[in-house]
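Read through the structure below, which is laid out as structure tokens, and then see the notes.
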Amino acid sequence: MGRTEILIGGVGGQGVVLSGILLGTAASLYDGKQAVQTQSYSSELRGGSARAAVIISEERVTDPEVRRPDILILMAEDAVGRYLHKIKPRGLLAIDADLVKGVSEGDYEILSIPATSIADKEMNNIIVANLIILGALIKKTKLLSVESMEKAIETSVPKKAITLNLNAFRRGLEIIS
Amino acid sequence: MGEKRVRTGRYFMMGNVACAEGALAAGCEFAAGYPITPATEIANHLAEKLPQVGGAFFQMEDEISSIAAVIGASWAGKKAMTVTSGPGISLMLENIGFAIGVETPCVIVNVQRGAPTTGMPTIGIQGDMVQAKHGSHGDYEIIALCPSSPQEMFDHTVIAFNYAEKYRTPVFLLSDAFVGHMREEVVIPEAEKIETVCRNIPEPGTDPLKMKGFLDEDVAPMPIFGKGFKAHVTSSCHDEYGKRNLIDISALDKFVRRLSNKILKHKEEITLVERDYEDAEIVLVSYGGVSRAAAAAASQARKRGIPVGTLRLITVWPFPGEEIEKMARRAKQVIVLENNLGQVYPYIKAEAAHFAEVSFLPPRLVGEIQDPEDILRKIEEVSK
Amino acid sequence: MNELVHPYHRFIRPTVTHTTFCPGCGDGTVAQSILRAIDGLGMDMDDFVFVSGIGCAAWIPSPLFNADVLHTTHGRPIAFAFGIKMGLPDKKVMVVSGDGDLVAIGGNHLIQNARRNIEMVVLCVNNGIYGMTGGQAAPTTPMGVKTTTTPYGAFENFFEDISGLVIAAGASFVARWTTAHPRQLTASIKKAIQKKGFAFIEVISQCPVQFGRKMGMGNAIQMLEDYKKRSISIKEAKKLSPEELKDRMVVGEFVDLDKPEMVEEVTRMIRRASGEAQEAVDTGRG
Amino acid sequence: MATLRIYDELCKGAEECGICLYVCKEEVFQPSETLNQKGYRPPVVVNEDQCTQCENCMIFCPDLAIVVSEKKRKKGSK
């Protein structure tokens, strides 16, 4: 495997940047790979647009910009127009089915996960919808090992939230049979 | 002490945090700044960590007082830094000139953001490159380093402190929001493997009347405060003893030349570049985050059989003209890449144009570093 | 015959041959008042770091005083002094500058550091004019006064009470005197030096060249005479109505109080943070 | 021992400055007949006997150009 580009678009407060950090940490520190994570966000810390990008590679990452994402994760309707056109042909599009409705068929595979409603009903906290998506994504793509992701969660989220995040991630794994 | 300052280990770390860790490892004791995106993570991290090692970060009333306090702390004998972005640098410029004039070691981190004016705060561009060299009034030389990764945010911050202390001068770290907010593997070595430099100070008990504390091209020992040196430190034109002279033009000439020569004389030691242009006919010249796209494009071009090399400027100021000339003598085509509309390009062209064809490839979107595909197209265009 | 030696010449930088002030300027009287206070406290120039800005009064310590002196940019000496004090908490840091420097261009640093109550002495020589640049109006120039930038008379409201501003900002010691009160001034400087906190002294001082001769306020002596006539102690002033106080200069020590001082607070914070860090490491091991 | 010493070379003139003459109630000084090197006319002591050693001249002098006998000063200093 060469270079995998992942782009995550959503709104501030959804854990968009955290998702990027988790993927990068798992790849770089625990999976023996190289990773670069970049981000941008608008002026409002909650509710504005947020974007995180991750490149995972077997070799040193030269160009650090995500240009044509192999994997595009959309967590808000607002992000569709901004990022959908960037996805690589035959790429994987993961969406939070509760929040993203306006995605038409295209030259990509759609992974549709009702992450927010699962997080709300089963975890009592919509804030971990991103972890559910990550779980499903990892199970589907085998991009990174489950162990590495779990280690990344344990070392990256606040102590009090580790269990909640791990549970959400594991719930995501279960979605893909 | 060293262990507490150096967080040895392997991390997936943000560039800005790596910068703060680098400052701690280099021995920074005092930091002052004013909140500004995209530099705040450095300030936040320093505010948390510096007190743990006996230092402190101070949030000042503005950027003017931030750099002033940093200069004051440096004269009090402390290793000191400030962190900001373009708008903050614009406010600091007068006092940066002051720091140069009275030869004050300090580190100034500019995490560049979308500009001009308030621009776009979270988008990184290389928009303040020439400001660092020419922003303050008058002729002067300054040192500026351009990191391209979180690892270099750490490494270059250490180098910046070492250069500042060694040459008694402000040193710029010209990062940008892209690199500052980038996360990547950062390896922090053990404390004893990190070289740190401290400024020379005069022998205790030196007669203040005989002390030459200024304007030495080989860097005068710094008569820091509180040691009985009775230093008169004025940014007005002065002589080697610090004595003000506002009347003789020859004194001004000496003042200007010696300050500049202090840097230029040591340019070879200061200049850091990354060369990869052996047998290349086309050389991509760039710095900072852009150099990574250049490296990607060069590698792809070579796979296609086009002899493309790269030259990456780590030290952008003092301008490494000799390095550019050396490269241009061997190349046929030079392509300059920057994430701006061509700020360092004229300097590169001036050195290279006599030996090679020089062209500039601006980014398709200012704020997004060049797509290696675009660079490849440009390479094919010039190789025809 | 000449066996008498001036007691404060030993505080003067040996390379200095004369003061840099115009004849009759109040700056020199202020300079001597500072030196007398230092001598009176039995202190040495090595106990001090002096910081000044730009303008005539900034030349009081620079180069005159044989001490560590940082002569800084216009308006910023207090900000530079902040860094020096944090770096050398055991030294006395004294800022000496003018009203244009400290109150106009540097006003916010004055306000913010009075608020911080950081230990330093700030001596503001208020001559109501920009002397060095040739007699332009300052924020302290009274309305109606003709200056080189207000040839038809100053038309802005002006600062009549800088000390009041600094009191409101939170300084722990504030006094005002004129150059007609050098003894009282020295006594206040002594107190200011010993104060754990931000100590501000305003000295109303004559500029006989720009404010005096050009604006028709007379020579140094006439100006001193005017200060004597118009000044009134804070104690006496309290008995008078605002109407009666019009055109008077209230002098004295206005504020002298104890409140948390910044350097001490920072030291405490560092001790706490470094101790906590040690604790965290210990817990980690256990 | 003299009660007073004037550093002629530091003085900026009894005419241009003249503060010493103004603050001396006893009229100890008067402007010199001759000029110093800078062209100023320093004060000269004409009535040393009248001097009460109040130190006004010394304390007010902006150029640190006058010194009053130390013996008296030490006693009187606060």
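By letter and in written order, the chains are A, B, C and D; residue numbering begins at 1 in each of them.
Assume a residue touches a chain if its C-beta (ideal position, glycine included) is under 8 Å from a C-beta of that chain, and two chains touch if they have at least 3 such contacts.
Not measured: the values here are computed from a predicted model.
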{"item": "Contacts common to chain A and chain D (chain labels)", "value": "none"}
{"item": "Chain pair showing more contacts of the two, B-C and C-D", "value": "B-C"}
{"item": "Chain centre separation (chain A, chain C; CA means) in Å", "value": "59"}
{"item": "Chain centre separation (chain B, chain D; CA means) in Å", "value": "57"}
{"item": "For chain B paired with chain C, centre-to-centre distance based on mean C-alpha positions, whole Å", "value": "37"}
{"item": "Centroid spacing, where centroids are CA-atom means, of chain C and chain D in whole angstrom", "value": "27"}
{"item": "Touch relationships between chains, expressed as pairs", "value": "A-B, B-C, C-D"}
{"item": "Chain A contact footprint on chain B (complex, rising order)", "value": "10-12, 121-123, 149, 177-178, 181-185, 289, 292-293, 295-297, 299, 368-369, 371-373"}
{"item": "Complex contact set, residues of chain B against chain C", "value": "4, 29-30, 32, 51-56, 58, 60-62, 64-65, 68-78, 80, 94-95, 98, 102, 208-209, 225-226, 228-236, 241, 243-244"}
{"item": "In the complex with chain B, residue positions of chain C that touch it", "value": "13-15, 45-46, 49, 51, 62-63, 66-73, 76, 79-88, 90-91, 108-109, 112, 266, 269-270, 272-274, 276-277"}
{"item": "In the complex, chain C residues that touch chain D", "value": "1-9, 12, 18-19, 21-29, 31-33, 36, 40, 179, 182-183, 187, 219-221, 224-225"}
{"item": "Chain B-facing residues of chain A, complex", "value": "20-21, 24-25, 28-29, 34-43, 61-65, 67"}
